[in-house]
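Same chain, two partners: subunit A is paired with subunit B first, then with subunit C.
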Partner chain A sequence: MRLIDRMGPQTLRLLALLIVLALVLGFFATQIPNYLNGRLFNRISSAVAIMALIACGQTLVILTRNIDLSVGSIVGFVAYATGMMIHQFPDMHPLLLVAFSMLLGGAFGAVNGVLVAYARVPAIIVTLGTMAIFRSMLVELADGSSINTSMLPTWLVNFPNQQLFVLGDLQFRAGFVTALAVVVVAHVALARLRPARKLYAVGSNPEAAEMAGINTRATVFWAFVLAGALTGLAGFMFLARFGNITVVAGLGFELQSVAAAVVGGVNIFGGSGLVLGAFLGAVLVNVIDTSLVRWQLVTEFWREAVLGALILTSVAVDQVVMRRLTRLRRAGRSATPGASARPAPGASAPALGGSSAPHGAHGSSASPGATGSARSGSANKGSDRQEGQR
Partner chain B sequence: MKKLIGATAALLMGGATMAYAQTQIEGGTEADMVLLPKFLGILVFDQANEGAQEAHAELENPGELQFVGPTPENSVAGQIELMTTATTQGVAAVMLSNNAGDQIAPAASAAQEAGTRVVTWDSPIPGGEGEDIFVAQVDFGSIGVVMADMAHSILDGSGQMAVLSATPDAANQNAWIASMEEALASDEKYADIELVDIVYGDDQSEVSYNRALALVDQYPDLGLIMSPTTVGIQAAAKAMQDEGLCDDTKVSGLGLPAEMVSYTMNGCAPEFALWDFRDLGYLTYYTAYGLATGQLTGEIGESFTAGRMGDYTIEEDPGREGAKRVLMGPFTVYNSENVEAAAQ
Partner chain C sequence: MSAPVLSLRSVTKRFGATLALDAMSLDLFPGEVHAIVGENGAGKSTMIKTMTGIHRPTSGMVEIDGDPVTLTGPHDARDLGVTAMYQEPMVFPDLDVAENIFISKTDEGLLQRPADLRRRAADLTARIGMRLDLDRLASQLTLAEQQAVEIARALSQDVRVLIMDEPTAALSAHEAEQLRAVAVRLARQGVAVVYISHRLEEIFEIADRVTVIRDGQHISTRPIADVTSETMIAEMVGREVDHFFEHVPSKARAETVLEVRGLAREGVFEDISFDLHAGEILCMAGLIGARRTDVALALFGIAPATSGSIRYKGSPFSPPSPRAAIAAGIAYVSEDRRKLGLAMPMSIRANITLAKLSDVLSPSGFLRRRREIEIARAFRERLNIRAADVETAVENLSGGNQQKVMLAKWLTVKPDLLIFDEPTRGIDVGAKAEVHQLIRDFVADGGAALVISSDLPEVMAMGDRIAVMREGRLMDILDNAEATQERVIALATGQAPMQEAS
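Now for the complex of A and B:
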């Protein structure tokens, strides 16, 4: 059996993302002098640490068929409040400060969670509202002043850039390693832990999850709380990295995090996707953004448009690559039963594990079929969940 | 001798007439005022509000001074909305730091038609339409010269420099950058200074920080990042310090002493400049109050006394044809010798 035959669709997706990332890097390497070097790695890894945490939290929420647009405001508020806290109590233990920012973020997440899960208000409405409310609370809290580096202890300011280890030209700094560790833990937890699997169940088919005895409300609530806590941690990192916190801190992060998750293959309709994918999505968006500034061909006024176009292109290329990989795998397994039962080409992957029941596509954004009727979408996601568990 | 005395008397009388033309802004008349910053929550705008409140109290205006502004993510639309609200409330004057470009002109013109005076400060309406007078913090042309001079002294006469600005459509920053380019081109002594790029950090710490790093990656010989915004200069200085690049690439521009003191003392940002935003708010209030109460007509050549800050004259704005301005000036260049005192 070839290696590719043993991969689940989600693993294939990660592989496709890595290929797209390599293509993007290769493209910019031909356009920008002195591009591919250790410095680029250091830039991207330091910059992506914060967004990786937020995208990770966003993924948890999106998995449950919801969305959190308030993450940018939470980052801003937590960064500011944490700065105030350490300024007031300079001797506070670092871990206590981290706990403070995560609890604060979690509290904001709980507000969202209660309104979405128990008051049954659509998440997009709730978090659109709380995005404005949390931001206004920050304006009120800041009262015109800003946090700056001179108000912060040295350990905090130096933390993100501390080199933990070096591989050749590549520096692994504390901020990046922390974020990576959190992402890996979240990824493994979602794949292995029973309570975490509930997120997929609720997102795949809420009714079925309910009937299976899962408390869907509590699951959605905790998804928002966890996302808030991760975003709070990102707020802490934001404070440490930039030092200067004004009321605009974290502005626009909500859409960046959604972009990272969706580019990373997390299904915007819930039920499927990997935290590691969202992380790669964040890296990809960051690479494009950073490289565009250095690409002389594009002027400032076109940069946003080109960024959008490149993100769309990468998603499109990602789909093509994904389909190729799927077909490649299918070709190798054409003799297995069940393959003949597959529905329309392009929208499907063959069943894994020898089951003869026809399975749908893996249901992520790569498959146009996922946007079909809710019922068939749910069925697709159901199969995806099984495959994700493998 | 007699002739001389006569001449002196004539001069004195002339002086007296001129003094008469000098309007002393008097208080006591009721006029509701609105101070409208780009958005709320930035230190410099709060300082401007302090200055305006000081003038408001000093003039014993029985009316109300409102400090209202949009939230940061809604600056352009919010400013236009607040301008319209002020018009319907029938306030006597709106003092605007414009962040909406010419998009705000229709709302501002409507306000003027309804009898509201529109005085801009910090950032004008680029086309001048809908605006009575612009209270300029410093001469926009002289900002360019000061930035060019700081670049000259930091680069020791030759080297590469890049600009890290706020947003691509910020009227004030764009005017300053243009005037700096003009200054660089106009004098031989700047011949060896090369302006290699202009990038925009959107006045957000994280964007500015990453843009500053992208600049040094792009131009390995970059000697200076010039940032004419208080957010950008600080983010750039922190980025250079974090990456240990302060020896190669210096940072300069417009910054707040309290935020810049550590970077100036450790050599990352040896020189920067700024004006006093409290004074700007104070002078703006006096100008707007004078117009709103009819003490000033707003004609070119009209002079007035603005409380503790002394005498000012309304003049043509050299940067914007057909627009009028009151010039505050001057501003202070900070370095390791004076920054610590100013940061207190």
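Now for the complex of A and C:
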């Protein structure tokens, strides 16, 4: 069996993203002189360190078929509050300070979670509301002043840029390595921990999750809390990296994080996606963003439009690459005996005699009927409601 | 007989003013297949939901092993070994088969070990006699395979009562056969199987006892040997249904509405040729996957054919889009009324007038509400749509009434050719007979109907001629007089050879 045959569709998705990333880097390398170097890596890795954490949290929420638009405000508030905290208590232990920021973020997440999971208000409305509320709370907290680097201990300011190790030209700094570690841990946890698989189950088919005895409300609640905590951690990193925190800190991060997750292959309708995908999505969006600033062909006025167009293009290319890879894999699979489902010999139907599974091939072919059927389960929410309500 | 596993003791359930269950009592014994029949709206779903903890009885109680229990949700019921599966399998499309099977098992520990999960999943699927690719995502499975996944999931938790609600409604004959074999096998292993189906022949095949319910009330429970389909139907509908599955002589006229010659869509179907006359009902029979719907989609312009020719009302016709087909007087009533047919949260009125809004627009382009209501009321009358009024949301109607709303919608465009895909799937016998009559009325007025159906008795009753398809090929076209169920099955499963150009 070739390597590609053993990859799940999600792994293929990561591969497709890496290919697109390479294409984008290759493209800008032809446009911008002296493009691929260590400085580019540093610039992107420090920006991604913050966005990757938020995108990771956003992924948890999107997986459950929800969305969190309040992450930008949470980053801002947590960054500011954490700055005040360390200013007041300069001797506070670093880990305690990290815990503080994560708890604070988690508390914001819990507010969202309660409203979405238990009060049953759609997430987009809840978090649109809390986005504004949390931001206003920050304005109130700041009361016209701002945090600046001079109020922070040096360990904190130096932390993100601390060089941990060097690979050739590339410097791996503490901020980036921390974020990467969190992403990897979250990725593995989502793939292998049973409670985490419930996030996928709930987003994949909420009704079936309920029927299967999964506590869907608690699952959604904890997704928001964890997202809040990860966003809180991002707030901490934001404070450490920039040092200067005003009331606009983190503005627009909600859209960037959703973009990162979706570009990274997280299904906006829930149920599928990988944290590593969201991470690569964050990298891709950031690479495009940073490179556009240096691309002489594009004036400042057009940058946003080009960014949007490039994101759309990479999503499209990603789809094409993904389809190619899937086809490559299918070609390999169909040659493998036993790959398609068929009834065991003992169960063959007596009435139909020797007819060996009339359309055995149907299951493995990509017929619209076969692949569409599962999704229809969720579209058919009314299916067993009709009798009860009459 | 041993003691019952689960009993309902005079369970009553009210929804507002509606009495869904009226002092229902029932005993389920281990090791038997207990069929429950009743029209849609008789209270079967509500009954299941009280057994699985989704609904709490307004009065009365649920007993397990003779002890009263309070079920607060499906989770509770599963812990006590009571599991239900539905017509639409409750699977997680984005998870693989093995994960789908073990998702509701609670004592699994924190870490998921894929290899271990696969091994145990293989054991369970072997127990029900199905072989599934455990690494496949559930979205890639056929409906039958998804149902197998659900049964395996129930088995992962020591199921004692397995409730199967219309499990075979959307399956091909062969798949349904397999599923019934699984139900019997589980009963022999000591599970109490509750089997709900509108296909009476299935019930005679596997049930040990049959309970009939009507209007939320228990009508009878008898050993299968003591019932006939006539008595069962009579009890279900509370009236005699005569000539239920009898063919009415064809009223076909000479004029040909549709001439299809050598129609093909590459890799999907090939060499399809048939004529359809005014006043005629042509039924398309075949197994699921025989590509009957694809032929219909080609005629309706959704997925046009790649070769061959269609003549419609005497002139060449190749609809590039559904719009063109509708404009030419062709209506296609989809098999999936929830997804492709109806706007579920909208009213009966809005759904009926949707296909031909131009009829209800004033010259200035505004909707004429009063005209809409008039049209909707007329159709409610004509098709006997049972609802409080035309403002009722379609999602609150029973399956049969939804089907009638969909038919009404298409009748507003006054089609000459009606393509009806699985017209009575999942609806009760009474409504079935009504839908059949509506189609007959349609052709009696000079229309032509192409009816795709997987329900053999329906095919035999409706089809003036019966076209049998298998794997994208038209096997034969039989006159109603020469057709037998056996012959159709033989053609559909490839047991009988294909006829050359009949």
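Odds and ends about this structure:
In this section, the second predicted complex is superposed on the first by the 336 of 390 C-alpha atoms of A that agree within 3 Å, B and C clash if a C-alpha of one lies under 4 Å from a C-alpha of the other, contacts with A are read in each partner's own complex, and residues count from 1 in each chain.
Heads up, the rule we're going with is that a residue touches a chain if its C-beta (ideal position, glycine included) is under 8 Å from a C-beta of that chain, and two chains touch if they have at least 3 such contacts.
Everything numeric in this text was worked out from a predicted model, so none of it was measured.
Contacts of A:Asn34 after superposition on the shared chain: subunit B is touched, whereas subunit C is not. Residue contacts after overlaying the shared chain place A:Ser272 against subunit C, while subunit B stays out of touching range.
Contacts of A:Ser136 after superposition: subunit B is touched, whereas subunit C is not reached. Shared-chain residue A:Ala47: touches subunit B; no touch with subunit C.
Of the two partner chains placed by superposition, only subunit B is touched by A:Glu300; subunit C is not. In the superposed model, A:Phe242 lies in contact with subunit B only, and not with subunit C. Comparing which residues of subunit A touch subunit B with which touch subunit C, the overlap is empty. Those residues of subunit C that touch subunit A in the complex are listed here as 15, 18, 20, 40-46, 48-49, 52, 55, 73-75, 78-79, 84, 86-95, 99, 103-104, 106, 108-112, 126, 129-133, 135-143, 145-146, 153, 165, 172-174, 177-178, 181-182, 287-290, 293, 336, 338-339, 344, 395-399, 402, 470-471, 489, 492-495.
Taken in their complex, subunit A has these residues touching subunit C: 8-9, 192-195, 197-198, 200-201, 203-205, 207-215, 267, 271-272, 338-344, 346-353, 355, 357-359, 362-363, 367, 369-371, 373-380, 382-390. Subunit A contributes residues 32, 34, 39-40, 43, 47, 50, 132, 135-136, 138-139, 142-146, 148-150, 161, 238, 241-252, 289-290, 293-294, 300-301 to its touches with subunit B in the complex. Taken in their complex, subunit B has these residues touching subunit A: 39-43, 45-47, 49, 71-73, 168, 198-200, 203-206, 209-211, 213-215, 217-218, 220, 231, 234-235, 238, 242-243, 258-259, 261-262.
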